[in-house]
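Below are two complexes that have chain A in common, paired first with chain B and then with chain C.
The block that comes next holds the complex of A and B.
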């Protein structure tokens, strides 16, 4: 009985031997189970936990909290709104300044201006560095007795506080983040540009189009898939930002941002499910761009 | 004849413009590299020299003492070893699993193919923080179940596994888009010959996958080596941490000797820099396969 039951649907497709079917299910099953267990189960768990009170010690201590964690965050935690504000500034900066600069760079380098190979590497080097290393390099530049303070005429005994100065620290952090982001965007865009048919550009040039016209009317439309991916990367990276701020301020709220607030509440001694709620808020903000990314990547397959 | 003149003129103005643009970008390129160059320069001189004579003073000694001391005092070889022990198995496992799924999804048509791919890719985009709390609890209870609390939590194995689970999405996505560009006839002949699935995978698909696997290996090694979030939250013993997470802590400890810290940061950056400059082509193509498809 069992053999006929399992054999009929198989024969309709292709004749798999029992061994082959076993291999195939193992090929898909093991990695999938692994991925679900370590990524999706915990992700859904966090969403559930965000509606509870728990200190993270005994499972039996979990108490239902309804929306109280969220309520607490939205109405009782001013630092949350500071963090949201910082994420928004980050996003605006990346979206309006850093990403367009990266695209502009890619466009110029793609035209093979003199030294383009060197420029490509130079702008890309920060991308291969760990953000831990980036943090140290910039802390080193900005510390008392460092290069920037030296330029400003401050010697080591007479420094100013850069990270503690609320008028400038935002720009300093965004500058450091852009140091990495611009190169990343440049490389992604550059690879897209290389796949643009060069005769299109030539045709535009012969028709007497200015460079800006060529870029706007010829390059941008043909680059639509890459444009979408780059927008999504810009948004998701702005929302998930964590490492560089952590390297500068540790887990303190010297310059609050969502990623740090989650970290503060879930790691170390005091775990609270407010952290889970923060993580869910962060996730909720990422859903839109995630869907855009998936849609862009899978439209072909779904058709 | 008349059309030739404006074209020539256009070419000439374009040439001057390009020269100007090149100089402008060149200036920024140098500014871009400057923080790294300055860090390397400073790491070659003693910090006391900077304190005594100022940041811009001409040093009387330039040597590798900071590097020698950093390697000794910061135990950099230990952390570097940890980094390798995490990165190499994680990359191999990710690519192995990724190839398996990509193979099945692109060579056999099942109903859930696209859904499966979507699911893996989406998993890769989730914020790490969303996964942490239950994962941490899971690691502890699995450890308790096997009677060894440090089986997954506070262990290299645990960090490797979560890296694999997360990066699997990207690897699967890149490898399956690559396989889709390869004609199925190659596989069909194997099936006609009656080769088993296992033979089909190892003898035909794996050799085909060599170029994207090389690119992904370079890219993922860099990512996993550079990450410090997972080791920061999933390890409590400092001696097990990879070099990037260790740097986050060393920064506080060696705040009094910044040039030593600079040397440490340069040592930590060296592997990725070497990989990037030697395997630049693979690096770039790996990064772009995933983003320019479609």
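The block that comes next holds the complex of A and C.
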């Protein structure tokens, strides 16, 4: 469309009939209206709410609070820093371990190693499950009296503490999250790899490049758009993490992360403004990667 | 459940009531009073998806239909989810009558104008309740917004058979030392002395409440929760010193399990005693009558002779009418029936193990466990609701719950934890 437009811009514009214009504005206008109504109005409302004191019920009760909610969160709520810490660990784990593992898997499967079809489907299965279902499954597996405790010969009176043991629960939860995340990244990367021209790899092989050199110098640069999408997905998924933790701990702060704090405060009654402030903090953390993501997908569309 | 009642004429309803042998003396008076209001179909929002809970809700709804000929649609909800979503629920299209709690939790929603004034119901059946219940049902504007139906004690629950096997008699524990000896003896036999779960964050509040009341007394406890006393007071640290003494006798996975986990430990005879509200006893009964007959409750032992055993957490449950419901008048008729002596009798007859909040309730049909619940509550001079019902909502679960969880994880950090609790209380916006 870009090329046509640059060739004959004037004529194109003239060729819109009144009916065309009506149709076009309807196609653009209606989704935009819905988008503003359902996304931007609540978003701006939430930002506004985070600067108030409000019980969440009568509009007339709203009182201006300035930065007091934020002040309270940053200085008076230790659980907030626990939550930030957990989100950071989550991000580091995904970024340094789970995502690279997914890429490695995709690369190996793309090379058609022996049994690659089996690996592909085995790692793909968790991806079709929603995060909430993943949480339920693993909760059943690991809880006292559950399958894992059972095969270790533990009944409910002498179980191993897993979710309540702060030395290991972080890694257990990250393990569960990775169980799905690795397959997801593998899938994304694999589809990208399939579109890489095989002649590039052949050329690299003829030039005597090693496997690692081929991957680093040839494959990785060609995959740039996919790489950015994967980075953004990794960052956003780590920050907005909620489902698995909620399925295991409920809205209590058994293992606090930002998503749970938002939910706990908004659903409890009388604390909605603090929940809104948490949501704004979460939004601020996510917006950077999100802009990068959108920019990338737009450039790709134009291409 | 109720389809066949739809087209019933009043005559057949009357006949049905007589033939069915409801045995309700006041049935006919209720019929006239409700019939004249032309209550119409109504909805009842129930809490609790456990089998025992669903069972009594269905039985009582059926008895209401039978007695009044008015159709009621019962919507059962998950208890925690219902509580979390109540604000949204009440602002949307709520059921006309719904299960709720007395005290601060009712007060908040009444202040927001989301509850229907039920003073007129109190005018009619208020004589059936103690004055203290009327106070617990009254909001800041002096009107009533709540009708009590049942209450239950928080106490030490145990299985009689287990204790007999161990040669222990929890009913005769006079002091803290005796209590520790009991825990020690249970542990020696390879059982968990004191089962506790705190994954939900609220379960261990029951233990904190009773320790604070036993050590520092009712007034200090109430003042602490209202912010008139400080969490950094040495008296609060003292409470956690006692709490810490109990940790060696607890299961090793306190933060892994919630109240269901505690219940299962007792059900499967893996523990000696546990501190819990008697409401879970319905699950024992659902499982088998033998298990239920084996269940017993005693008050938490005395610690400070000055206060004896004068305080107990005995939360009042009951009903409210939603202001935004489709049929508030119908909601009032519904809660009037449910809270009345007759409605409560239908609930008790269905096998519900709660004790009625109604003064005039005939307790002769109570089983020994229900009578024991009444005795445990009757012994106390002061009644408290429960930590998360006795203090601000933005304090109990977001602040106290993680603090107790932290304490259970690192008991040595208690002073730091309490300082943080006080700081967080001080940082709360004024209401």
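The rule we apply is simple: the second predicted complex is superposed on the first by the 266 of 303 C-alpha atoms of A that agree within 3 Å, B and C clash if a C-alpha of one lies under 4 Å from a C-alpha of the other, contacts with A are read in each partner's own complex, and residues count from 1 in each chain.
FYI, contacts are C-beta pairs under 8 Å (C-beta built on N, C-alpha and C of every residue); 3 or more make two chains touch, one makes a residue touch a chain.
All values derive from a computational prediction rather than experimental measurement.
Asks: Touch test for A:264: chain B only (first), chain C only (second), both, or neither?
Replies: Touch partner of A:264: chain C, not chain B.
Asks: In this superposition, which partner touches a larger number of chain A residues, chain B or chain C?
Replies: B
Asks: Just to be sure I read the superposition right, which of the two partners does A:145 touch: chain B = first, chain C = second, or both, or neither?
Replies: In the superposition, A:145 contacts both chain B and chain C.
Asks: Once the structures are superposed on A, label A:166 by its partner contacts, choosing first (chain B), second (chain C), both or neither.
Replies: The second partner, chain C, only.
Asks: For A:156 in the superposed arrangement: first (chain B), second (chain C), both or neither?
Replies: The answer is both, since A:156 touches chain B and chain C.
Asks: One more residue to check, A:122. First (chain B), second (chain C), both or neither?
Replies: First partner only.
Asks: Could you tell me if A:58 is touching chain B, chain C, both of them or neither one (first, second, both, neither)?
Replies: In the superposition, A:58 touches chain C alone.
Asks: Contact-wise, after the overlay, does A:210 reach chain B, chain C, both or neither (first, second, both, neither)?
Replies: Neither: A:210 stays clear of chain B and chain C.
Asks: Where on chain A do the contacts with chain B and the contacts with chain C coincide?
Replies: Touching chain B in the first complex and chain C in the second, residues 56, 143, 145, 155-156, 250, 267, 271 of chain A appear in both lists.
Asks: Which of the residues in chain A end up touching chain B in this complex?
Replies: Going through chain A, the ones touching chain B are 13-14, 16-17, 19-20, 23-24, 27-28, 30-32, 34-35, 37-43, 45-47, 49, 56, 59, 105, 108-109, 111, 113-115, 118-119, 121-126, 128-133, 135-141, 143, 145-147, 149-150, 155-156, 179, 183, 187-188, 191-192, 195, 208, 225-226, 229-230, 233, 236, 239-240, 242-243, 246-247, 250, 259, 262-263, 266-267, 271, 273, 275-276, 278-280, 282-283, 286, 290, 293-294, 296-302.
Asks: Would you pull the chain C residues touching chain A in the complex into a rising list?
Replies: 80, 84-87, 91, 108, 112-114, 191-192, 199-202, 251-258, 261, 264-265, 268, 270-271, 392-394, 397-398, 401-402, 405, 409, 420, 423-424, 426-429
Asks: Note which residues of chain A are touching chain C in the complex, please.
Replies: 53, 55-58, 65, 68, 72, 75-79, 143-145, 155-166, 249-254, 256, 264-265, 267-272, 274
Asks: In their complex, what parts of chain B are in touch with chain A?
Replies: Residues in contact with chain A: 10, 18-19, 21-22, 25-26, 28-30, 32-33, 35-36, 38-39, 42, 50-51, 54-56, 97-98, 100-101, 103-105, 108-109, 114, 116-123, 125-138, 161-162, 164-166, 168-169, 172-173, 191, 196-198, 201, 222, 225-229, 232-233, 244-245, 247-248, 251-252, 258, 261-262, 264-265, 268-269, 272-273, 275-277, 280, 283-285, 287-288, 291-294.
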